[in-house]
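Structure incoming, see below.
Going in written order, the chains are labelled A, B, C, D and E, and every chain counts its residues from 1.
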Amino acid sequence: MLTAPDIALAPLLPILLVLAGAISSTVLGFHLPRRTLTYINLALLVLSGIAMGLLWSGPGEVPATAFGGGLQADNAAILLGLTIVVGSVMTLLVSLDTAYRARVSFPEFDAMLMYAITGTLLIAFSGDLIVMLIGLEVMSLASYVLATLQDSRRAEESGLKYFLLGSAGSAILIYGLALVYGATGSLSYAGIAEATAGLTPGNLGLLVGGALLLLAGFGFKVALAPFHQWTPDVYSGAPTSVSLFLSTVVKVAAFAGMLRVFGGALQNAPFWASALQILIAATLIIGNAASLFQTNFKRMLAYSAVAHTGFVAMTLLGTPGLGGAALGYYLLIYTLMTAAALAIVAALQRTEAGMEINDLRGLYYRHPGYAIALAVCLASLAGLPPFAGFFGKYLAFQAAFQNGYVWLSILAVLASVAALVYYLRPAMLMFMPDRTPAREYAHGQRPATNLTVALGVAGITVLGLLPNLWYGWVADPAIWELLAGR
Amino acid sequence: MIHLMIFLPLLGALLLLVTPRTWREEVAGFVAALTLGLGLWLWRDGGAALYSAPWVPALGATYSVELAGPSLALALITALMTLVAVIYAARRIENPGTMLALVLAMESALLGIFAARDLVLFYVFFEAALLPSLLMLAIYGGPGRMRALVKFAAYTLLGSLLMLLSIIGVRYYGGSPTFALRDLVANPVEGTAQTWLYLGFLAAMAVKLPLWPLHAWLPDFHEQNHPSGVPDVMGTLYKVGGYGLFAFALPLFPDASLELRPILMALAAFTALYGAWIAFRQTNWKRLLAYAGLSHMGIVGLGIFSLNETATVGALYLLAFQNVYTGALFLGVGMLQERIGSVDTRVGGVMTQAGALSGLTMALWFASIAVPGLAGFIGEFSVLLGAYQVAPWLAFIAGLSTIAAAAYALTAFQTTFWQGRPLGSVRVADLRQTEWLVLGIPLAVALLFGVYSAPALNLIQPAVRGVLSALGGS
Amino acid sequence: MAPTAYYVALSGLLFAIGMIGVLTRRTAIMIFLSVELMLNAANLALVAFARSWGDLAGQTAVFIVMTLAAAEVAIGLAIIVAIFRKRETTNVDDLATLKG
Amino acid sequence: MLVIALGIGVLAVIVSALLGPKKASRTKLMAYESGNDPEHGGVGTGHRFPVHFYLVAMLFIVFDIETAFFFPLAVAYQKLVPFAFWEALTFVALLLVGYYYILKKGVVEWT
Amino acid sequence: MPDWLAELLITLLKGVLVALALLTTFAYMTLIERRLLARMQIRYGPNRVGPGGLFQPLADAVKSIFKEDLRVTMADKLVYTMAPIVAIGMALTAFGGIPAGPAGSLFGEDPWVYQLDAGILALLAITSMGVYGIFLGGWASGSKYPILGGLRSSAQMISYELGMGLSILGLLMLVGSTAFVNIVEWQAANGWMLLFQSLGFALFLVSSFAETNRTPFDLPEAEQELVAGYLTEYSAIKWALFQMAEYVNMITASAIMATLFFGGYRGPVFLEGLIPGISGWPIIWLVVKIAFFLFLFIWVRATLPRFRYDQLMRFGWKLLLPLALANTMMTAAYLAFARGLGLWPLALLSLLGLLLLFAMSDRVRVLWNKPTGRRGADDSWPTRPLGGD
């Protein structure tokens, strides 16, 4: 006899709220102007965030689950989910100002964005590989569309590239999933974690193969070298508000998936960590070296996103308690600073190709507010205190260092120095006086963008001075040691 | 009180952003003076005791600050020189709001560096000071500033990130609950790990000391900065490597410091001689001063690395007061540049038209080349004396640099201020209004502490004794 | 009944063929078809494993993967058609507006 | 069965190929285009068809998969009521969202 | 002779027999169709070859084989040849899965060639493979009209396949199995499915017509618009194979309808009173029912005019699909909440739905006559956001 699964609506609520936004954008798009839809979606996102806050389980409480553990509303999920919500809200705000100029002001833009967010939340809340896979694909598919939505050669080309490499990555990931299933006979994180303890040698081989394929698949999604090649092209080819979304929310979600899978399910599986550290090393070298030679600011940010992937991924090498906390902190900071920087690019660029680094010269004398904000973002991206990016990097180093990856930490230090150099150039150019005419798109009111930038800059400053405001929440190692669920 | 002293300048900097343009100089001066006043008050009270509060408990980072001993001395000097710089900047720079804000922000970070008794906090202040100095260079710098910027930032960050790893390692391997210095000292790291961590720490401090071969950023940095010399004063103050080594590296890595002493002392001595030698060949006042500073820092390094009480006291003394006269000299160069439009050392004949300027500059130079009776002498002499007890030959090599210093300083001084004024050149005005103060106060301080060193020594000596006795004495 | 290993070997072969296709083919459609092949290889492996473990979860996963494949087809074709109509080529080497 | 069925087809083609006359001429082998010379060069070249067909194809894929999901539910339906009903209702509701969208977009309109 | 070999040989034999039977049926089907159409149009059909035209199919077959097999120069050789083979192969294969009686009823053997648990699903899958034949044929011809014809018919077939699949969902819910035998047995126990799923049957019937490209859905061959559609460049035996496939599909569709909705291989129970055991006779009943449906196909062809293409698509997407879903949900709701009332209220509901549909036919007709969406409506799309820059 079949039994109906347990459906608990409470842990689903944050996701359902976002999904409701997606659906309403799809349906109401024919009747309402896009701006109204965006307001609705913003409200729903905030509600979703509140719902997550209400799901927070204090010490001793058992986190809510649904579908027999397939969906875990544990604290890790909530923290990552909140980060996603923050990034999404910033994306939507920026799109309010810039979508029309970018020629993506369709209701579909909002709808796809919300679908993608639904997917990202599913990943963060996933309790087994299937849910994770569904979330990952919902997110990826919607992102492919977002990248292509603008009717221009650049966007279409970036969309195709994204799609081809992304789907290849998914296929590899799914095959890895199949192998892990074959080795352990379970698809739930808890089941896998349990089964990895005592495996026969034959199954161990399968497990290692599966884990490596999963790693490669996730490598595509988060842009770890050598699977990163799509990133710069897609980020610089897509409309800037979409790049913002792709480089923050989507990346956060992919890391959430990685954390769940590698930090939770495959925590005790052998060998993947060794492979991961090599990938990270390659990412750090390639990402930072390539950024040094970019002349286009948006493209440079794209490469810097690759470089940051390397730093973020270092947290995965830490013990779950320490690494998870570092990841939780870094991802929020990364979201804030990247989103704010790209929001400024979106507001000031003349074309969707972004601006050249040399165009930034003298920005301080034309748009002092934006220039200071951008400088703060860049300093934070470079990891300079007192901005929050420093603590992110610090925690990442600490996680890797304390788990014995000393040489990787030293490499990361060298990479950070290279990173500083390329962040420094645009940051300093902005303050150098310049007499040539402005190269920015100077018209229009941008209240929403300004709000986003203010949010981001305030966030990275306050969290840099008082990291405990966020780190205090994520720091509890118990949160991250339960990633696999029970 | 101590918190107010650290953060008051930063508040002032923020205040400047909203102050009407006409009042900015006054506000900045007031804030700088107030900070100095606070510092003096602290001095009168015998320094501020250790204050410690959790900052990021989950991380083990604390907010621990203390101003006593050498750090108080350095903080006072910082406050003093900031005030001098503010005074000069207000007169010299057109619409100086941004510059003043940056100077004050930097002062905050520097005070923080000296006050911090927690490694993470120290690191944060250490890096935070970088930002204003970078911005000053970017906004007011010369044509080649991008290169200088990149060099400066890259060197600094390379060192400090390696230090960051060491910081992580010190706590991790030692098993200390927090990053507060007190806890770290109580949970020391043993064995070879200590040496490696010391090297990481040293990387940052050697860049900031600076020590050969990590000094390459220094001349470019000074050369490209605003000609007034105001940013250079702050840059000089930012050379905190000696202090960092004394305050953190020695207590934390006693065995390693002992183990590496010969190598490091040799490097420091070489730096001193090398700086002096290169300075001798400079024709640009700013580069010359930069190399002169490098040479002094070599001597400071020699003192610190020697682990000898006399030498260490002398090194800290020198570190504190060379800021005064080197800073003032940079400002003097700024005045010269304002008058003749160049920082070349071969303009000639300035003395004939601007006697006061030349005279004060020469007096400051005497301080710099360690003429007895001025503050520089006490420092350099103690260092050489102490170092001689540890490594006579190295002390001798370093001692050569003092002779070289006399040579380069006098040569450059002669070609600039004496000789005949070239025909048809602009007439050089003498000191005006606040410029008297700008050069006079530092000279007065150098003179005072050159003659009556007890107050400063009283601050420095107990601390040094404490640190070195923990090392097992030598 | 053939042992699971045979099925897994076959699926591995399919996967490898797909992988090689992705790496060597230059038209978008062919790359895309190779990806689909890889997905089906995963499906085969999942079914084989599900049978050997006597567990339904694997079969469910196959359903999901099939859906994903379909959705990918829908979206991928849309993108490819959009590009093809604009430039009459789907050779990825010709798409060089954005430098690699 | 498949073998037999395909065998019959192949057999028929071969027999016909063996027995039929072969008197081809250029005109006879020309593609039909109402008596004009054909314009384009054959398979896969130059033929452009309305993009609409692609849309229908995509819709089919999506809806067909949806049907595929429905079949297992239908077979197990009576063992799972009433849960299955709500499940199906949710499913159909989501489906209708997409359906409404394509209707409004006019994908099934052939002008 | 080992068991498996015997099994294999018997299966092969059955397969060959079924194939031959289908081909014969096809052959005579053409004749019957022409004769019937002629009768309905008050004229004579073919009546020259043999008595009453009885050898006409034979003559046609011979002619097809001996005609010149053209292959236009621009065609893709392999695919061009494969297409008709795929079409006929799939068509023939599909029929093999339909049971003509309960297990072991055919001289101790099972009256089917193969039997899968997924029964109806597998059958639908195989029949839809037939689309490949048509599309590839059109594409491989390398000529304009065939491509358009191929595309059109593919689009049509896939559109109606959805309706077809959805319309049997209610049935599956009732039976709880997809195997044909189970479906037939269920009907033997509870009465013909036609009663409980009359709406579903109507939808399935319509879809079947569309799937087999029969009037009124025979657009792919609309000679006024597309010459002969995908068949334009085909001649001789390949052309004949396509025709064959179409008719075999018709037969299969009839068989499926008979099995799903009309009790399959079982006769009506009330006849048991006349001759005991008559409803259990194998094969006979199925053949009778198939014949009935084939007649229906011909009848409709003689009666109804052809759809326009836009009407066809709208009909499929805007009427058939939602109705099929509605039917499914109605059945689902009934089964979930009113199962205790027995099955007859469901029959009533379903019939009511069908009648309602007929009654509303004038209202419903706008659905496929008038465009309601905003295809390419340029007036307000893309929407300009209010305010902003």
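The definition used in the following text is that a residue touches a chain if its C-beta (ideal position, glycine included) is under 8 Å from a C-beta of that chain, and two chains touch if they have at least 3 such contacts.
Each chain and its UniProt protein: A = NADH-quinone oxidoreductase subunit N; B = NADH-quinone oxidoreductase subunit M; C = NADH-quinone oxidoreductase subunit K; D = NADH-quinone oxidoreductase subunit; E = NADH-quinone oxidoreductase subunit H.
Predicted model, so just to flag it, every value in this text is computed and none were measured.
Once chain B is excluded, the chains joined through touch still make one piece.
The most central chain, judged by C-alpha centres against the centre of all protein C-alpha atoms, is A.
Comparing chain pairs C-D and A-C, the larger number of C-beta contacts belongs to A-C. When chain centres are defined as mean Cα coordinates, E lies farthest from chain A. Among the remaining chains, E is positioned farthest from chain B, on the basis of C-alpha centroids.
In whole angstrom, the spacing between the mean C-alpha positions of chain C and chain E is 32. One inter-chain figure worth recording: chain A and chain E are separated by 50 Å, centre to centre, where each centre is the mean of the chain's CA atoms. Once the centre of each chain is set as its mean CA position, chain B and chain C turn out to be 63 Å apart. Put simply, the C-alpha centre of chain D and that of chain E have 15 angstrom between them.
Shared interface positions of chain B, i.e. residues touching 2 or more other chains, are not present.
The set of chain A residues that touch two or more partner chains is empty. The set of chain C residues that touch two or more partner chains comprises 71, 78. Taken in their complex, chain A has these residues touching chain C: 129-130, 133-134, 137, 141, 144-145, 148, 153-154, 156-161, 163-164, 167-168, 170-172, 174-175, 177-179, 181-182, 185-188, 229, 232-233, 236-237.
Contacts from chain B toward chain A in the complex involve residues 55-59, 61, 120, 123-125, 127-128, 130-131, 134-135, 137-139, 145-146, 149-150, 153-154, 157-158, 161-162, 164-165, 168-169, 172. Those residues of chain C that touch chain D in the shared complex are 63, 66-67, 70-71, 73-74, 77-78, 81, 85.
Residues of chain D touching chain C in their complex: 48, 51, 54, 57-58, 61-62, 64-65, 68-69, 72. Interface residues of chain D, counted against chain A in their complex, comprise 76, 79-80, 83-84, 94, 97-98, 100-101, 104.
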